[in-house]
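Take a look at the structure below.
Per-chain numbering from 1; labels A, B, C and D assigned in written order.
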Amino acid sequence: MKVGIVGASGYSGEVLVKLLLAHPRVTLSAVTSRTHAGKPLAAVIPAVRGADRGLKFTDSDPAALAATDIDLFFLALPHGAAATYAKALVPAGKRVIDLSADFRIADLATYTKYYGEHHAPELLPSARFVLPELTAPAWKTEAKLIAAPGCYPTSLLVPLVPLLKAGVISREHIVANSYSGVSGAGKKAEETYLFCERAESIKAYGLVKHRHLAEVEEQLALHTGAKTVIQFNPHLAPMRRGIATTITVPAAAGATIDSLYAAWRAAYAGRPFVQILNSGETPDTAHTVGTNRVDMSAVHDPRTNNFVITVAEDNLVKGASGQAVQIMNLWCGFEETAGLV
Amino acid sequence: MKVGIVGASGYSGEVLVKLLLAHPRVTLSAVTSRTHAGKPLAAVIPAVRGADRGLKFTDSDPAALAATDIDLFFLALPHGAAATYAKALVPAGKRVIDLSADFRIADLATYTKYYGEHHAPELLPSARFVLPELTAPAWKTEAKLIAAPGCYPTSLLVPLVPLLKAGVISREHIVANSYSGVSGAGKKAEETYLFCERAESIKAYGLVKHRHLAEVEEQLALHTGAKTVIQFNPHLAPMRRGIATTITVPAAAGATIDSLYAAWRAAYAGRPFVQILNSGETPDTAHTVGTNRVDMSAVHDPRTNNFVITVAEDNLVKGASGQAVQIMNLWCGFEETAGLV
Amino acid sequence: MKVGIVGASGYSGEVLVKLLLAHPRVTLSAVTSRTHAGKPLAAVIPAVRGADRGLKFTDSDPAALAATDIDLFFLALPHGAAATYAKALVPAGKRVIDLSADFRIADLATYTKYYGEHHAPELLPSARFVLPELTAPAWKTEAKLIAAPGCYPTSLLVPLVPLLKAGVISREHIVANSYSGVSGAGKKAEETYLFCERAESIKAYGLVKHRHLAEVEEQLALHTGAKTVIQFNPHLAPMRRGIATTITVPAAAGATIDSLYAAWRAAYAGRPFVQILNSGETPDTAHTVGTNRVDMSAVHDPRTNNFVITVAEDNLVKGASGQAVQIMNLWCGFEETAGLV
Amino acid sequence: MKVGIVGASGYSGEVLVKLLLAHPRVTLSAVTSRTHAGKPLAAVIPAVRGADRGLKFTDSDPAALAATDIDLFFLALPHGAAATYAKALVPAGKRVIDLSADFRIADLATYTKYYGEHHAPELLPSARFVLPELTAPAWKTEAKLIAAPGCYPTSLLVPLVPLLKAGVISREHIVANSYSGVSGAGKKAEETYLFCERAESIKAYGLVKHRHLAEVEEQLALHTGAKTVIQFNPHLAPMRRGIATTITVPAAAGATIDSLYAAWRAAYAGRPFVQILNSGETPDTAHTVGTNRVDMSAVHDPRTNNFVITVAEDNLVKGASGQAVQIMNLWCGFEETAGLV
């Protein structure tokens, strides 16, 4: 099976290139970049020197891509740009997995409020937001266009959905603090992302209405049948990759740490990419970097009757490109872990 | 005026050495260390090469120190060890500023619960916990022995006390997430603090009953007249210095972001070491490193009716040694900022 | 084919575990550690959570290991300890690839001078130092015990051997400066390797007679037929992984940058793990981390008539565990790149 | 005495601001920046919040600055721009200390070769390159315009000049490798200086004819009376500040490590900012950060008869702004260390 990546020169694109070059079931046949068209893949992504099979960046004309024999495209583009490509590729019968926000939000009004005009609203009905561990399996046959979840949302939805569904936690006073590696901001040549500005520095940003809330709250409502508003505080941390999310939430009446773990274990039994750590053991972003895992654990604080849930993942793998590959694996009938361990 | 540092070889000790060597009003006359006795100061703290005025580490016999002509001692020792020195120095008429937890908690039972046996409980009545911006000025004449606040508590008490006193925030559902540079753990040769373990890594630790809560909650009760329980989640971040604390707390009925800022401005008008940033501007640990400041700001989230307060400080300066020098300055009648800018 | 790792809990051991768990041709059947015997693999190496196939650390009795049905053992042990295992395993017919220095030096007197007593000198004649790109292929059938080269030596021998053999560079005034990530020091709980000591710090160490010189100079003599003494200056750099080596060497009479590149291209044509960059493009350690590559390039300085050669590799992969896997691949008739891309 | 900084928003400018705000003998009266004119100092340099004495950035018209009552100006501008200011300020009787390269090179042809057209060649005769520990004291009365040395040159000239003058080292085969923190590149919003590109990365750049060689070789010739060509290999290291330079040079006939140290001790006796470490002890950039020191040591390698000299400094302090303040101190008759310890 042939796959292509549209917009392969950012940080997610680079990780996707590496995963697909090493994937046992697909052949990476096209990588596009407006800026780098014509250059060898390894000239832009030196980490794949000697392993790039002679691939070169090509220009990224949507119609031309639609005319290729490539079966599936990953869109690793900024929000807004992805819709334009989906518009050409989906009608041409290509499978499309979009890593941007363009198709993550089913409700057009919500999308518009957070992101502005949508460039392909007619595709929204056939698009599916797929977080493989949570989305009901019907998506595999229904979807023509899949939106892969964002990095922060993955670290929120994986721990929270089963607990809200099981009634183990309160729907109110949910407070999530997330700390992201700098790659989460993308490869942007701005002063604030310079080494000398970010090294040895932690700061909050995007308070109080971060865009990712749109998909988080829509998904929480879809999965749990009720509106849930969360306080989400994103921060930048002095590391390249990784997201550490700490969620404080009141225990529901009668809930215990055992009922919390029971809900998690029921939801994620046998799922290779969700690792539930013992209460008292805390996940560490460094242990997840390069993997497609979400590691998580929880403790109960008898003083406050809160649960404190700690979560770690690699923002570029489970938070972006690895998850997209996992989606492809399931969609195309490959082993879920193919190319991901 | 002559000052000495007992236990000068840790990270706080090193910062204290630098501050006192450059201080315009005092002379650093003794630095002690059991491990390094006999070595030149600069052999252990190479950062002061050429500026150490020939000082050598001496052994740290409490009685011998009590017999010197040194006026004031800083104790930069582990919890437990400090009490032993205070016991010899205070009765000898020396002023003592303790950077450990030994005299931070007025209530002996609370101390014992968190730290174990107290080695000089008889000194507790004459000891004062002094956070200069918050503690009523009577301490300057009453105290014989001063406990400097811990790093995390400073980042919690400075923002919270005026808001609780002004009734601007709820006493319930206070959630504080703190991210500390690795120096917060001290200079401990343990695997978990190795460069390769901590670089590019964030993880929570010490959940859910961190020792620093004892002093935080005692102080909140003393200052605000009522018990306040907070959820405090400490983490290690991949940087050497700095604490970033993010506090989420429901707004009290009728409170606005303006009333929050008004309470802060009233409390800290003219205080050089508390910097109140505009709402929407977030403090950055990197901007506070090397300074004795707490930088803080807040936003109101209309979706949740929470305030989100963000705070940054240098854990070794305002969170430890700088604060101790500030206390000395005020206690001895020097300018508050002497040696601190 | 079954393989085992003796001493799998250090940094090289961890990388070896990951490579072998994902290797398509072998099954990792045993991991040993005196300290961690009995613990699940993922309890000690959390990065392999969910991918450790239930492996547990076992104790590491040499005789017991010799009695297993494991075909090949990797020794990831400190210098000195490895010989003891080789002594039991080699006579039992096991293939052994040693990542320590114990069998890197053919000359016993040289070994003793740098490392002290040798615990299995009788095995030296059947041992081979194998740097796959340089060692003549007869080793594949002759060797019973293979010494994988050290991290610094790989970064020196790969660029220098073809140039000395081709007579392109001087044998005198060779100056090599190497900068290693902190993992090069191993997982040692010593103050000097703490995060707060190494972050934002560069320093030289081990001047002027670093142990790795023994194998470098022996190999240079073996390959090029003449004694070559080099000035080797190792340093620690504030990063976890990677070695950057910069070599300055006078050009031989008549040599040009073209003749240098011709010698390299002749030596390494078709070798996947040596990447020769254009003159003027410099290798970057970050681009090699996680790969089994040596990236290198050179420039000629007309002012000094020196060549300046710059080299980058991952000290834990091409400098240790990846190279050991590459050796296994070639020894056992697998594809050279199996499990390494 | 009133001083001003022209171009205060870069990394050197920021350090200069901090040093001058805390300096006991001068008043910082003007800070200019074309980009930031009108903004409070602390809005651009948040590290000085609460300590900026109400200063605002002003525009930087040369004639307007010449008309102020400010006595001395520091120029912290890019090469080329500095000359334009000097042209207005020097004739107006202002003392000028320039941190750029514009007046470091006495020979106009050399300047032009490395930097292009010079915008104020008429000032070259009255300009002096001053490295306080090396330049003969007559500059204090002769100079109208002082060029402060660059960061790399300081780390080369301080160790080399006394050794060349004493005939302790060879003039040939001098190889210097320097590793600079990323701030050495300035505050440039370019992809290559992003956190994610530089963290965990070492690479050489600017091979083989780095601009700083022009001033190094001119100074070596001036001080030692003979042309000396050195191989200089600059690199970027994953830290914010600091330069680590390692120099390999053949010992002169008969020279020993003792004669090397004797030459250094004679040259730098009583100089507070040159610290000579014992042979075998290596300087560490982390120990010099925030100080105005050069730390250095040397070893002799009997195998090669080379000396290996290791040097560390803070590129922004002794390599730029601290040195400029030291020059001001000496020029204006202040204590050499005023504001620098």
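Operating definition for what follows: a residue touches a chain if its C-beta (ideal position, glycine included) is under 8 Å from a C-beta of that chain, and two chains touch if they have at least 3 such contacts.
Everything quoted here is computed from the prediction, not taken from an experiment.
The greatest centre-to-centre gap from subunit C, using C-alpha centroids, is found for B. A repeat of the B-C interface exists among B-D, A-B or A-D. It is A-D, with more than half of its contact pairs matching by residue number. Averaged C-alpha coordinates put the centre of subunit C at 39 Å from the centre of subunit D. Per-chain CA centroids place subunit A at a distance of 36 Å from subunit C. Counting partner chains per residue, subunit C has residues 181, 197, 199-200, 238-240, 284, 286, 289 touching two or more of them. Those residues of subunit D whose C-beta lies close enough to touch subunit C in the complex are 173, 175, 177, 179, 181, 197, 199-205, 207-209, 229-231, 233, 235, 237-242, 244, 246, 248, 250, 280, 282-286, 289, 299-301, 303-304, 306, 308, 310, 312.
Against subunit A, the residues of subunit D that register as touching in their complex are 11, 181-183, 187-191, 193-200, 238-240. Partner subunit D is touched in their complex by these residues of subunit B: 21-22, 46-47, 49-51, 199-200, 272-273, 275, 284, 286-291, 293, 295, 341.
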